[in-house]
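Only one structure is covered here, and it is reproduced in the block below.
Letters are used for the chains, namely A, B, C and D, taken in the order the chains are written, and counting of residues starts over at 1 for each.
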């Protein structure tokens, strides 16, 4: 029933992790559904919709079933959205799931590495990855809770 | 994985249907996931949360996969929430899924028949029934979209 | 500063009052600012916006300064929005300010008398009357709290 | 009617202005009602409630009647909420009214000068100043639009 030719999610290129004792790889999350929330701390749509939704997914599902990962994909205002600013943001918004800082490219371009590898168009972007590592949703902008829940429910049950 | 001893959903006892050419039975919906939304038209929590959620489920899922059924379980203010008033309500709130009027009991009691058979405690009540007719959720009050979506997603995939 | 030629608010034609021991006339409210909220119990915009706003005005301002009056201006679905249904509605929505039922006309027309006298276009309609009985706002649809508050504040202070 | 003994609002101590060609003093705003919104860019309550309200006041009232002034009163996470970060924040949240950076004290304390002079307890704090420079509201936390509107309306009319 599932298209076996679906692409595997590219690896995460992260320069710094918050709320993670050791670097997180998608390989280490195999067997779980991964909800990857790409955001910028000064993106109004992320603050109003994307982040509350990611927090709610983190709260409602068992950790060994669903892994919520934040990815700080800064592609503008780099001087404002630094890791030290992100740390304050995570504290103030009580974000407890792991958040990685998307790594800058060697050529100093604005678009960071993971954002580029996934072809993300902006923030917020939601990527849902199934238990075997395939991308099953890639959405720019708001995704309704009902639709996200339905996809997670499907991915948890399918064999 | 599913508890085979789960009870089958009791039949619906409906005195009048809206938005249904012929009476609807749960038997006729076998093979689909059924989202049964029990409400009263003058219940603030139903109007603010339950009904918008039911409309959204109706909008997002394919009809042949998920059947949304409204049930007008009037247990108070019977003189106000008549079928003629319900018809106006359905029109004004643009509710397009089938809605049944829960049948009064012969003894003239306040609690109508289906509400009694299901042991509902009030409105809104959400009941989710799987493809083979078993009750998989029975919740009084608000249910979060993410949780409802996840259950529907699971029920759509499980064999 | 105030246009002395502004029209006086027409009298209310009410067939039945709720939450009022004796019939209320605008004359009896002279000296107070009157916030007249015209609604229908099955009008979604009234339930979502107009009525919560009227309740909030009623809660925030002193009774001897600001009088909140509801007016049930039924112009459609007359058979559904009867006084007995309105009584249940007021109970369920915990509306405590006085509410009058706009009187039907002798010719049996759909538009009730006060609605016609004020030239209201539909529901919700908000009419604000100053301390000397002149109409200072007449708005169809939603009015922002900030704008309504500012007008009430002005009317309370002007001599 | 107004308590003539009310204190005058202390002067603003601002190290940098955004959206102002020259430094703004309260003296220069005499004759207008001033709505002073003290916030921190990483304060969730400011972002969710205070800033949208300040933007709405700025939108609804005439500039020559009501002056909306933002004050970035950073008292924590100083390294994150720098002027360069504030500039990005103002851009992303489309804040167009003047915003001043509350000046740090010489002793390097966490609480900046204006915040200290006004005795503010945290953010968001809303201060409303009348046409002659007296503080008429000083509120920590959310203020309802209806109440803020009523105060502004009063202050605009009183002589």
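To be clear about the criterion, contacts are C-beta pairs under 8 Å (C-beta built on N, C-alpha and C of every residue); 3 or more make two chains touch, one makes a residue touch a chain.
The structure presented is a predicted model; accordingly, all values stated were derived computationally and were not measured.
Of all residue numbers used at the contact between chain A and chain B, over half are used by both chains, marking a mostly same-residue interface. Set against the C-alpha centre of chain D, every other chain centre is closer than that of B. Rounded to whole angstrom, the centroid-to-centroid distance between chain C and chain D, based on C-alpha atoms, equals 36 Å. Residue numbers of chain A whose C-beta contacts span two or more other chains: none are found. A ring topology is adopted by the chain contact network, closed into one cycle in which each chain touches exactly two others.
Contacting chain pairs (ordered by label): A-B, A-D, B-C, C-D.
The part of chain D that touches chain C in the complex is made up of residues 53, 56-57, 60-61, 144-158.
Those residues of chain D lying in contact with chain A across their complex are 42-44, 47-48, 76-77, 79-82, 84-85, 87-89, 91-93.
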